[in-house]
Structures are given as C-alpha cells and as structure tokens.
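What follows is a pair of complexes built around subunit A, which joins subunit B in one and subunit C in the other.
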Partner chain A sequence: MAAFLLRRLVYLLCLVVVSTSVAYLLAATQLRPRARYEGRNPPPPVAVVDARLDELNMNDKVPVLTRYRRWGAGLLRGDLGRTIDNQPVNAEIGRRMWVSLRLVVVGAVVGTLLGVAAGAYGAVKQYQLADRVLTVSSFVILSIPAVVLGVLFKNAGIGLNNALGFKLLYTTGELTPGMDPWSAAGLVNRFAHLVLPSLVLIVIAVAFYGRYQRNAMLDVLGSDFLRTARAKGLRRSQALIKHGLRTALIPMATFFAYEFALLFVGATFTERLFGWHGMGEYFVESVTKNDINSVAGVTLFVGVLVLIAGFLSDLAYAALDPRVRV
Partner chain B sequence: MRVTAPGTPLLSVRDLSVSFRTEAGLVRAVRSVSYDVAPGEVLGIVGESGSGKSVSSLAVMNLLPGHAEVTGSARLNGQELIGQSDDALSAVRGSRIAMVFQDPLSALTPVYTVGDQIAEAILVHETVSRGEAMRRAVDLLHTVGIPNAAQRATAFPHEFSGGMRQRVMIAMAIANRPSLIIADEPTTALDVTIQAQILDVLQTARRMTGAAIVLITHDLGVIAGIADRVSVMYAGTIVETGSVDDVFYRPRMPYTLGLLGSIPRADAGERQPLTPIEGTPPSLINLPTGCPFVPRCPMAQDICRREEPGLLPIAGREPADTQRAACHFKDDIEQRQLTSRDIFPAPLPSSDAVRSVPREQRQQMLVVQDLVKSYPQMKGAVLRRKVGEVRAVDGVSFDIREGETLGLVGESGCGKTTTIMEILNLGRPASGHIAVLGHDTARMSGAEKFGIRRDLQVVFQDPMASLDPRLPIGEILAEPLRAHGVAPERVSARVRELLTLVGLRAEHVNRYPAAFSGGQRQRIGIARALALEPKILVLDEPVSALDVSVRAGVINLLERLRDQLGLSYLFVAHDLAVVRHIGNRVAVMYLGRIIESGDVDEVFDRPAHPYTQALLSAIPLPDPHKERARVRIVLKGDLPSPANPPSGCRFRTRCQKFANELTEPQRQRCIDESPALLPRTGSPDHLDACHWATAVEVL
Partner chain C sequence: MTDTLQPDGGPAPGLQSGTASGSGAQAPLEDAAASRLQLVWRRFLRQRLAIAGLVVVALLFGVAYLSPYLGRWQYDQLDFTAFLEPPSASHWFGTTQNGFDVFALTMRGLQKSLVIGLLGALMATALAATVGAFAGYFGGAVNTALVTLIDLLMVLPAFLIIAILSPSFRGHTWLIFVVLLAAFQWMVTARIVRGMTLSLREREFVHAARFMGVPGWRIIFRHILPNMASLLIIDATINVSSLILAEVGLSFFGFGVQPPDVSLGTLIGDYANAALTFPWEFYFPAAFLVILVLAINLVGDGLRDAFDPNAQGHH
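On to the complex of A and B.
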C-alpha cells in the first residue's frame, strides 16, 4: 500500500515538473514584457529596458533556455522570481491564495455535499417529478455562463438590500475596510460578504456534481449487490445508504479532488465580479500584463494543488475501495 | 422450528402477474402463475431466458424495480406478501425467505468483507453483538466448506473464486435458518465440477435448516437430481408441472417434450439426433391470443390460435395425480404415448461415409505437436518487470483427421482457448509445431498463410460480438468472398446459397444482425465461416450462449454440414454432453495439458484419468432415476494458479484417487514425476496422463 502511494507521488511530481516547465517555456516565448516599456511615452532607452528586464529575468534577448535555467535555480531555492511590477511572486501568491481559499472553501464543500445529495436523490427518484425538476434546473444552470449567473445573484443581492432598506449582503470585497477582521462584528461582516459569491459557486457545483453523482448512483441502483442487500432484509433506504452510496462515491472521489483544485483558479469570474483579489484574478491579470514569472508561478501553484488533490483522491480511493489495496 | 399443519403449503402463489411498462409497450413478463411449495420440498422452476422464471420469484420477494406492476397473491404461511410495505417485507426477507443469486461476483458488495456481509444478514434480524454475529459468520463459512474460515472472513469478494463466492451467498442465505430458500440460477456461471460442489452445499444447507428450496434454472439436468417437483415456464406462464418423474418421463406439453428431446446426453451410447424446436420464444409485448407456443408447435391446430389452454390435469389419471399441462392436446399425447421424436421432426442420422474409412488412412487435417504458449507475468505499475512465466499451454499434442470432430474440453483456465488462438494465429509457436493440411505454420510465407486461412475458419461463442452490427448480413457474408477474390458476379449467388445452407431465408440478405435472434446470428456466423469452402472449422463454444431449445438446431446444423461438406472440426467446449453428441474424438485439458484423449465413446464410457472421471461424474443428467442413484465424485477446492502449478502430476492437489486410494509410495510418484500421456488401458488409441490410471464407468 505504502509503495503504491509512493509510486503515485513520484509520478505526480514528474507531472508537476513537466507541466510547469512547459508553462514557463510557453509564457517565456509567447508573452512580451518588453511591450510594457515600449508602449510608454516617451519610450525609455533600450539599454534601460534591457537592464530592467534582465533584473526580472524576462529579457527576450537572453536565450530562453538560459532564462529557464535561472528561473529553475531560483525555484529550487523556493524563489518564484519577481512580478513585472518588481514584487516577489511568492508574496503575491502567499497573499492571494488565502483570499481564494476563503472564497471557494465554503462554496466547494457545501456545493459538493448538496450535489451528492441531489444526485443520489435524483437517481432514487429516477423519472419522477423531483428528478425531472432537478435535471431540468441543472441543465439550465449549466447552460448559463458563470458571469451571467454572478450578475444575476449580485443584482438579486442589491435588490434585497434595497427592499430591506439596509445593507444585509455585500457585493464587493471580503471585508468592509477599517473593520477589525477578527472581532465578532468583523466575522459577521465577512460572512455577509461571502454569501453571494458562495451561492454562485454552490449553485454551479450542485448542478455539476449532481449530474455526475446521479449517473454513478444509477449504475449502482441497478446492481445485483444492492438486491442481495435487500434480500438479506435491509430496507431499501438502508441498503441504498450502506451499500449503494459508498460504492457510487468511489468514482466520484477522484473527480471531486481535482475539481476542487481547479476551482482555485477557476472561480475567476466570481472573483472579479465580487471584487475578491484571489488567484483567478491574478492569473488573468498576469497574462494581460505579459508577466512571465507570475504566469509560471500560478501554473506551478495549480500543479501542486492538482498533485495534492491527486494524492488525496488516491488515499480516498484506497479507503473506499478494497480492490485497489494490493 | 415453525410448525405447519400437514398439507398446508409453506408458500402459496396465486394468479401472480407482473408487467413492465417500457417504451416499446407493456411487457407481460409473468402471466397468472400459481404454485405451492410444501415445507421442506424442492421445487424446480425451469425455463429459458425471458420465460419469467426469475421475475416471478423476485416479485414474491418484492425485489423488482419500482416500475414493475405486480398483481395476484403470494402467501407465506398464510401471510400475504404482495402489496406489503418495504418495512414489513424486509422483516421476512433474509429471515424466513432467503435468496441465492446467479453471478456471485456482482451479487456481493465489493467494498465490504465477506464476513461483514454475512454478519450483517444476522444483525438486521437479531439483536446480538457484532462480535457474536462475526463468530457465527465464521461458523457459517466453515459450514459451507470454506477452508480457514476465520481468516477468509476478513477477505473481500474479489479475493474469492466464483465457486467460493457462491458458497458465501449460501452461507448468507442460511444465516437466519429460513424456511424457504429461493436459488436463482445458482450454478449457471460456474464450471461443472464447481457446480457439483455448489449443489452439494445447497443440499447440506437444506438438511441443516430443513428449508424448502425453489430452484430456478434453465438446466434440466440440475433439477433432475434434487427437485421433488418441477414447473416448466414458457412465455411468462407455467405450461407444465408435476412430480419430477412425471415431467421427465411422461411430459404432456409439447414444449416440455421438445425441451427434453433437444438436450444432448453425456450418457447416450448410441447417438440419437436431437429434436430441435424451430423458431424462438415469442416477444412478451403484444402477445397474441391463444397458446404462446403456436408458432413453434408442430401439433398446433386452429383451436390453439383461438384459445390459450389452461393448466389442467391429464384425463384418466388418479385423482391424487399432481401433473398438469397447458395444451389442448395433452390427453391425446397421453393416450398415444407420444415422444418428442413423434412430435418434432428430427433430422435423419447423418451418413458417416468419410469416417467409415479407418482413421489411419484418412488425411491429417490439423496436427499440433508439443505446443507451448507462455505469458510473462509482470509486476509493477510504472517500472514493469518480469517476475515469472505462466505456461497457459504446456506441451499439447493432438491431430484431427478428415471428416472428424475433435472435442477439446476442460474448465475455465485449462488453456483450451489459448490453444486455439495459437492455432488461428498461424505463427511460429514458442515451442512445438502446428501443421495445417500438412503445412508447418512456422515455415509459412505470408502468401501461404493467406491461402491457408481459406481452409481454416473459425466460429466464435458470442455471435453478436463477432458480427458488425452496421452491415446487412449480405455484406457480412460477401466480405470474405471479395477479400479472397471471388468474381463479383458470383458473390451474390454464393451469399444466397450460404444462407440457405445454414437454414436461413435467402430473402433476408438485407437485414441487419440486430433483426435476428441468438440462434440465427450463430447461423450467420457459421455461414460466414463457410463462405470460402474451408476444410477445417475451429468452433469456440459455438452453442454455449444459446438457449436450450435453439441449441439443438445449431448442433444438428453443424453435424449436417460436417458430413455433407466433409469438414473437420476442432470443437472447443466446456459442456461435455455437447461434445459427446457431436464429437468423434475428445481431448480433456487440465492446467495447460491434455490429460486424457481418445475416441469419444471410449473416453466417456471408460474414463481412465481421475479428473475425467470427476468431470463426467459432475455432469447433471436430465434423468431423475439415474441422477438419484448416482454417487458423485466431488472434487476438492479450486483450480491451482497456472503460474505456480503443483509438482509432478498437476492434478494431485485435487485428485480423489491421490487422496483416498493410493499408498504413500504411490503418492510420492505423483508428487515427483509428471505422468506422460500414454495408452495405459489396453486400447492403443486411448491415452491418459495418470500413473495409476484404471478405466472406470461413471455415467
């Protein structure tokens, strides 16, 4: 078992190295940080720009492999380099990742749980009214672009505030500036900021996971072992929960883990719409700013997250399914 | 013990009907079925797939999917079961009625240990501690014959063999000493020696609990030995019922007659042609009025089309007689003592003109000499490395002469499929030789191989998987013809000829495979194999996926084609009765080796190797008297791993002779020395691989 997990870990590490390197090389050859300086009025002298870009390790006159080597050497020391605005990438990621985490953790956890429940329920009630309602609404939700959904929720929140006459829910940022974030009032304030963006994430997650869980559950519902469990004398609901749900969760474990990792940078629209300065926003900004080191840094961050997710999902898989424990 | 007044049935089913609403229409899966099960008796329910035999039992247990509509009544000791709530029924299920299902791999939850699953069966019905339930689970595993029960209880279902899993199912079923066990095809996916073990365990379970058993199966042989009474189902209803002896020896409904006449017999000395039932069972959607057997019944009259016959007693019998048959002409059949051969047209026995020439003078069509095929055994997911070798085929030799059928038999894992794959490959074997029509495959050029492929064709087990569903059958048959350069103007005529040859209608050339039934598809598979006029056909389990009543037709067809076209067959099968029927010679395989071979009658009547004896003794015969009188040799345990076969004689770990008859020095020889395949019983042609072979009669 330990050997199996170790092998998986090595394998995932290799994946991270390869994907980050590819991302760095792509960014380093396709993005043009020089354009940022050339566009200024008046344009600074070439020698100054070169010196500046050299300092950031983004000079396109230096061969890309040399830059890659230098970047990699920094990486080995735990240094991701500097952003195009000459800030440490480490500090930027260190700050933003907590913002993202605070934003997505509630949405992802609640969304997953509700999604599993909705999917399992829909499967049990297959083709009945409840299932049809769930099916139709998930398809509607999934077909609406996330931005539109976000705007809808934001407007609904504003409408609610107007109707109430005071600000119950906040639509920008994660804390009203000037509040003590750890006082009781501050926590309530945080929560009031979190409700709307979380709802967006939850609704999408429920619609999405619900579909998958429903299919996984349907496979299990028709299975012989569920019939055996009932033939033993378990009630339908007991058999479903004890024998059905656990088996249906096995294929989902992997899926959840990876989705959660990708949500960190995937919640871009929600972040921007509700003014949270998280990882998604960072990624989009660094691409538009031609910020090579930031792009590579974010990619590495996602890679590590996927690695952790993959590892966790292997653990979950092994815990749920005895057939892989060899 | 629950007390029941004498004569009161334990389970009484009345007018049970089940229908399913589907997109194609209302499927009437079970139509007004009534039967009783007395305490402690064994009722066999026989039928082909789709006859409603399983659905009717699942309906009694309320285990059908939600959209099934069930009407009628089923009373257990007077308590109504149909229409009860899930709560009320779950108290009955597993405690008073237990079930054993087919395919025990999917019937056990993969994520819990078998011990837990058995303990759970106890815990739902009794308030005992977990530890106590677990202890009883281990006892039960021991009872059903699982060695090292305490340790095995902590293993998961995938760590058990099929036979062992079925033992677990039985342990679970008897955990609460039920008064009725419903066993739904409990041995269907199992090899014949394992089937014998499981039937044995089922009998033990019955003795221990005193439970009545409803045994649902398609195999008449399985029922003959253990059932007291039999009901035959067809198209959702019972068409004949009675004591085992009545139904087997005095059947009065043409379908039962046909069914009994269509099973090949492993014990049949002189070969009788089988009586096939033409056609296929009707669709249960929009079933026409009248007897459902009309389209396939040679005795059908106008009244049969107008009125469905009731299940009624036979005229002139004792009032106490329990036999009932659903046929307008049952009394006629009784009076005239009609047999299946009187009702169903059996083909004339085929001429064996080719085989009347002595064997040695006939041409050798296929020769296999010391064939070895091994697979590397790998370990590791990322860095795979070879850790050993599995010799799936280990020194196999046989020959097939013109016009004869060699049956290659053995249980799963014996290497028979690997053997034919090596032959069909026409490559250079790792060791040994293969010669097709005198040409050594190791020395063949590409062009020669192409030519030899015309002469060596194959028919696979699953006709659907081997036919391209997107092509009309005319195209499927034309393909090999075109590939081998048959003139385009000849192709269409040849396709029609082929269809007629295998008993299909030439007008059907434009239909797609999906429009044909299983038996018809297998005929298409045969027609395709015959397209290029081959000399040798390799038949890989060609009838084992087919229903009993259509199987006979395909077997007869194969026999007719062999004799009419002078073909030679390599017939691979696990069903020994089929091999006895169609084979001229037989070779029995065990763990990659042939352990006995010779003339079919010689080997079946006087098997010399203990494994052959056990194999033959395990076949259930559709003959109640014989079956009850037989003493079975029940083999111990499962097949050892081919990666690590026992030293000396590979069969010794399960050999009944080794265990019971031999002296210590004799045993030592079995352990040390691998027995060669030699004639040891007097007949030069009858070979066996046992140091201590003695021919015995077991059938």
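On to the complex of A and C.
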C-alpha cells in the first residue's frame, strides 16, 4: 500500500513538473513582455528595455532554455520570480489565493451539501414531481454557461436593490472600501458582498452534483444489502442514509476531492463578473499583460492543487469505503 | 464549477470510415447492423424531447446560414443612423454602440458556434477513437506512449494552455482555435475506447480477421470501432455542447475567437456589462446560446436512451 502510494506520488510529481515546464516554455515563447515597453511614446531605449527584461528574466533575446534554467533554479529555492510590474509572484499568489478561497468556500460547501441532498432525494422519489422538477432544472442550468448565469444573478441583485430602494446586496468586490473588515458591520458587509457570487456557485454545484448523486443513489437503491438492512429491522430512513447514501457517496469522492482542492482557482468567471481580485483574475491578467512568470506561477499552483486532489480522493475513498482500508 | 474545459472525450470520423469501408465481405453482419440502427432510430423517434431538440438545432442551423438573406443588415455593416437603438422593424434585435445590427451579429456568432462545436466534436471523437483503439489493440510500446500522452494532456490545464497560445492565433484563422479546443477534449473517451478495445481484441471475429492476415489498422477501423459506434456517437454529441461552452468561456476573456470574427462567446463577453442598460445587446446572443446548448443536450440524452434503453437516471 505504502509502496503504491509512493509510486503514485512520484508519478504525479513528474506530471506536475512536465505540465509546469510545458506551460513555462509555451508562455516564454508565445508571450511578448517587450510589447509593453515598445508601445510607449516615446519608446524607451532598447538597452534600457533589455536591462529591465533581463532583471525580470523575461528578455526574449536570451535563449528560452537559459531563462527556463534560471526560473527553475529560483523555483528550487521556492522563488517564483517577479511579475512584469516587478512584484514577487509568491506574494501575489499568497494574497490572491485567500481572496479566491473566501469567494468560493461558502458556495462550494453549501452547493455540495445541497447537491448531494437533492440528488439523493430525487433518487428516492424517482419519477415523482419533486424528482422531475430537480432533473429538469439541473438539465437546464447545466446548459447555461457560467458567464450567463453570473450576469443573470448580478442583474437580479441590482434589480432587487432598485426595488428596495437601498443597497441590500453588493455586486462588486468583497468589502466596501474603508470598512473595518473584522468589525460586526464589516462582517455583515462581507456577507452582503458574498451572497450573489455564492448563489451562482451554489446553483451550478447543486445542478452538477445533484445529477451525479442521483445516478449513484439509483444504482444503490436496488441493491441487496439495502434490502438486508431493512430486513434486519432498520427503519427506511435509517437504511437509506446509513447504508444507501454512504455507499452512493463513494463514487462521488473524486469529484469532491477535486472540487475542494481547486477551490482556490475554481471561479474565474465569477471573479471577473463580481470584481474579486483572486487567482482566476490573476491568470487572465497575466496572459493579457504578457507576464511570463505569473503565468508559470499560476500553472504550477494549479498543478500542485491537482496533485493534492489526487491524494485527497484516495483518502476520501478510504474514509468512505471500508474495503479500501488495509 | 471549475472553469477549465470539462474533459468529456469525443468521437466521430474514424467511425464513419469504419462503417463505410466495412461493406462487401460481411453481408450478414451488415444486415444486422442496419436493423440495429433502425431499432435505435425508432427508439429515438419515440422521444419527443429529443426530436424537439433535433428540430431546434436544424432550425437554428437554417436561420444562422440564411440570415444574410433574411435581415436587411450584414454583420459587418454599420448603420450610422442607429446607435444603441432598441429592437425595431429595421433592426430586429437592436443595434450596438457602433451601429452594428445585433441580429446579424448574433446569427454570425451562431454560425461560428455551430461550426466550432460540430467540427471540434468530430475532431475530438476521431482522435479519441483512433488513439484509444491503437493503444488498446497494439499494446506494448504503442500503448505506453499513447497512455503517457493521454495522462500528460489530462494534467495540462486546457483553459490555461489555450489562453497562453491565444496571442499566436490572433490574426490567423479561427480553425487553429478549433483544433486546440479539440486537442484537449478527447482524452477521457480515448481511455474508455482503449478499455473496450482490450476486451474486443480477444473476441473471435477479431482473431479470425487477424489470422486471415488483415493488418491491424484495418481491423481497428473495420471491426473494433464500429462495435463501439453507440459510445462514439453519444460522446460526439456531448462534445458538441461542451465545446460550444468552452468556446464561450475562452472568448469571454478574449482568448478565443479573435476580432473581427464574432462568435456567441465574444458577443457575450463584449456585452455582459451592457446587460442592464442595453439588454438587447446581451440577452439575444445569450438566449440563442442557451437554446442551442439545451437542444443539443436533449439530442444527446435521447441518443443515449435510444442506444441503451436500460440506462438509468434519465427522464
């Protein structure tokens, strides 16, 4: 078991190294940080631009492999280099990942729980009205792109504010500037900012998980062990929850693991629409600003998260499925 | 809820070449295949929602490509007498700030979304079928190389990589973008195809063909892939809608279809902020997108039920 896990870890690590390297090399050859300086009027002298780009390790006159080696050497020391604005990438990621987490965590947790509940309920009530409503609405929601859903919720929120005549829900940022973030009023304000983006995430998560959970639950409902549990004298609800739902959750473990690991980067569209300065926005900005080190940093960050997710899913399996525990 | 591409895999052209070239020698098999297809088709026709979906897709196709003859304005034509006008008799869906006709833009975007979805799904499915079947059938070094490729592409974050590459296809044809989308969409299906090939490889009819001296690649296209036609067709359909959604996501951030081309994604991205003040700019393209994806998903669902009536969890 331990040997297997170790081999798996090494394999995953190799994949992270390769994917980050591919991303770095692609970014270093495709993006043009020099364009940032060429566009200025009057254009700065070439020597000055070269010196500046050399300092950032983004000079396209230096061979890619030399730059890659320098970037890799920094990485081994735990340094992801500097952004095109000469800020440390580490600090940028360190700040933004928490913004993303604060945005996503409520939506993800509530959405997952509701999704599992809705899916299990739909399976138990198969073909009844509640099930049909849930199935049809999740089918429709999954056909709507996250962007459109986000705009709909944002405008519904603004409409609600206009109807009420005061600002109940906020649609931009995570806190009204100038507020003490940890006072009672600040927390209420945070919550008012969080409602709309969280609703978007919750609706998508419920539709997505509900669909899978319903299928997983249906597979379990017809099984012999559930009948045995009932025959033993368990009440229907007890049998359904302790034996049915628990078994039906096992195939979902992978989804949950990936979802929770990718919380930090999970909501690029929502960040953009609601003006949160998180990781998703960071990545989009770094590509548009030709910021090679930031692009590579974000890719590495995502790679590590996927690696962690792989392990989390193994752990979740072990926790839910007694057969895996050795 | 992740914004990266949902790897759903995809299938279709290898499949067609397979069934087409498989004629002649095996007349009885061919009959069986035809009657099974008829059976599936009859089952499909019984599902009203799936039929409705198919009709809607066909209608959207027709409207999108006939629109240059329907409307009075072309997508690249400016009306200098109408800026930001709400829908009217002359501009059915209103106009934009520059005086573009939103109906013409939407139809142009719809064309592009349809082509991207269908073409991309075809490519992704063909790739998945070919790679999966070759890895499974030949095994050994071929298998190792292809499985490593699949693993590697699954680790690469598709959204990020396509975004990084987007400056390089700026100013070039959008076909490069479709190829890129497809290139990140086939891996999961390829794995499934590989698994199915592993078991099909040991079946008598494949052995028989092999002992008669039929080369491996021909066995794959004639005997193995036609046997998973249902999987490939269903997957291709799912791919169409996931590719359309992927295009929207990338174009929203400017990483997809590049101006002066328009797609539903670029329109939604450009006018998302106008949704409140000038709703026609946003809601018309968005509505067409949602209807299109919904219709395709209905078709996919209907196909799945028609191929596998025992499948649970639908309706």
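In the analysis below, the second predicted complex is superposed on the first by the 310 of 326 C-alpha atoms of A that agree within 3 Å, B and C clash if a C-alpha of one lies under 4 Å from a C-alpha of the other, contacts with A are read in each partner's own complex, and residues count from 1 in each chain.
Operating definition for what follows: a residue touches a chain if its C-beta (ideal position, glycine included) is under 8 Å from a C-beta of that chain, and two chains touch if they have at least 3 such contacts.
All values reported here derive from a predicted model rather than from experimental measurement.
A.B. asks: Counting only touches as set out at the top, which of subunit B and subunit C does A:302 meet: first, second, both, neither?
C.D. replies: Once the two structures are laid over each other on A, A:302 reaches subunit C alone.
A.B. asks: Decide which partner touches more residues of subunit A, taking subunit B and subunit C as the two options.
C.D. replies: Of subunit B and subunit C, C contacts more residues of subunit A.
A.B. asks: In the superposed arrangement, which partner chain does A:204 touch: subunit B (first), subunit C (second), both, or neither?
C.D. replies: Second partner only, subunit C.
A.B. asks: Does subunit B (first) or subunit C (second) touch A:114, or do both, or does neither?
C.D. replies: The answer is neither, since A:114 touches no partner chain.
A.B. asks: Report for A:320: first if it touches subunit B alone, second if subunit C alone, otherwise both or neither.
C.D. replies: In the superposition, A:320 contacts subunit B only.
A.B. asks: Would you check which partner chain A:215 touches, where first means subunit B only, second means subunit C only, and both and neither mean what they say?
C.D. replies: Only subunit C is touched by A:215; subunit B is not.
A.B. asks: Between subunit B and subunit C, whom does A:142 touch in the aligned arrangement: first, second, both, or neither?
C.D. replies: Touch status of A:142: second partner only.
A.B. asks: May I ask you to decide whether A:75 touches subunit B, subunit C, both, or neither, giving the answer as first, second, both or neither?
C.D. replies: neither
A.B. asks: What is the contact status of A:230 with respect to subunit B (first) and subunit C (second): first, second, both, or neither?
C.D. replies: In the superposition, A:230 touches subunit B alone.
A.B. asks: Once the complexes are superposed, what residues of subunit A are shared between the subunit B interface and the subunit C interface?
C.D. replies: none
A.B. asks: For the complex, give me every residue of subunit A touching subunit C.
C.D. replies: Contacts found on subunit A: 15-16, 18-19, 22-23, 26-27, 30-32, 107-108, 111, 127, 135, 139-140, 142-148, 151, 154-155, 158, 201, 204-205, 208, 211, 214-215, 218-219, 258-259, 262, 265-269, 272-273, 280, 283-284, 287-288, 290, 295, 298-299, 302-303, 306.
A.B. asks: Would you mind writing out the residues of subunit C in touch with subunit A in their complex?
C.D. replies: Going through subunit C, the ones touching subunit A are 1-3, 151-152, 155-157, 159-161, 163-168, 241, 245, 248-249, 252-255, 268-269, 272, 275-276, 282, 286, 289-290, 293-294, 297, 301, 312-313, 315.
A.B. asks: Under the stated contact criterion, what part of subunit A meets subunit B in this complex?
C.D. replies: By the definition above, subunit A touches subunit B via 4, 7, 10-11, 222-225, 227-236, 238, 243, 246-247, 250, 320-323.
A.B. asks: What part of subunit B is in contact with subunit A in the complex they form?
C.D. replies: These residues of subunit B touch subunit A: 61, 63, 65, 86-87, 90-95, 98-99, 101, 103, 106-113, 120-121, 124-125, 156, 158, 169, 172, 176, 381-382.
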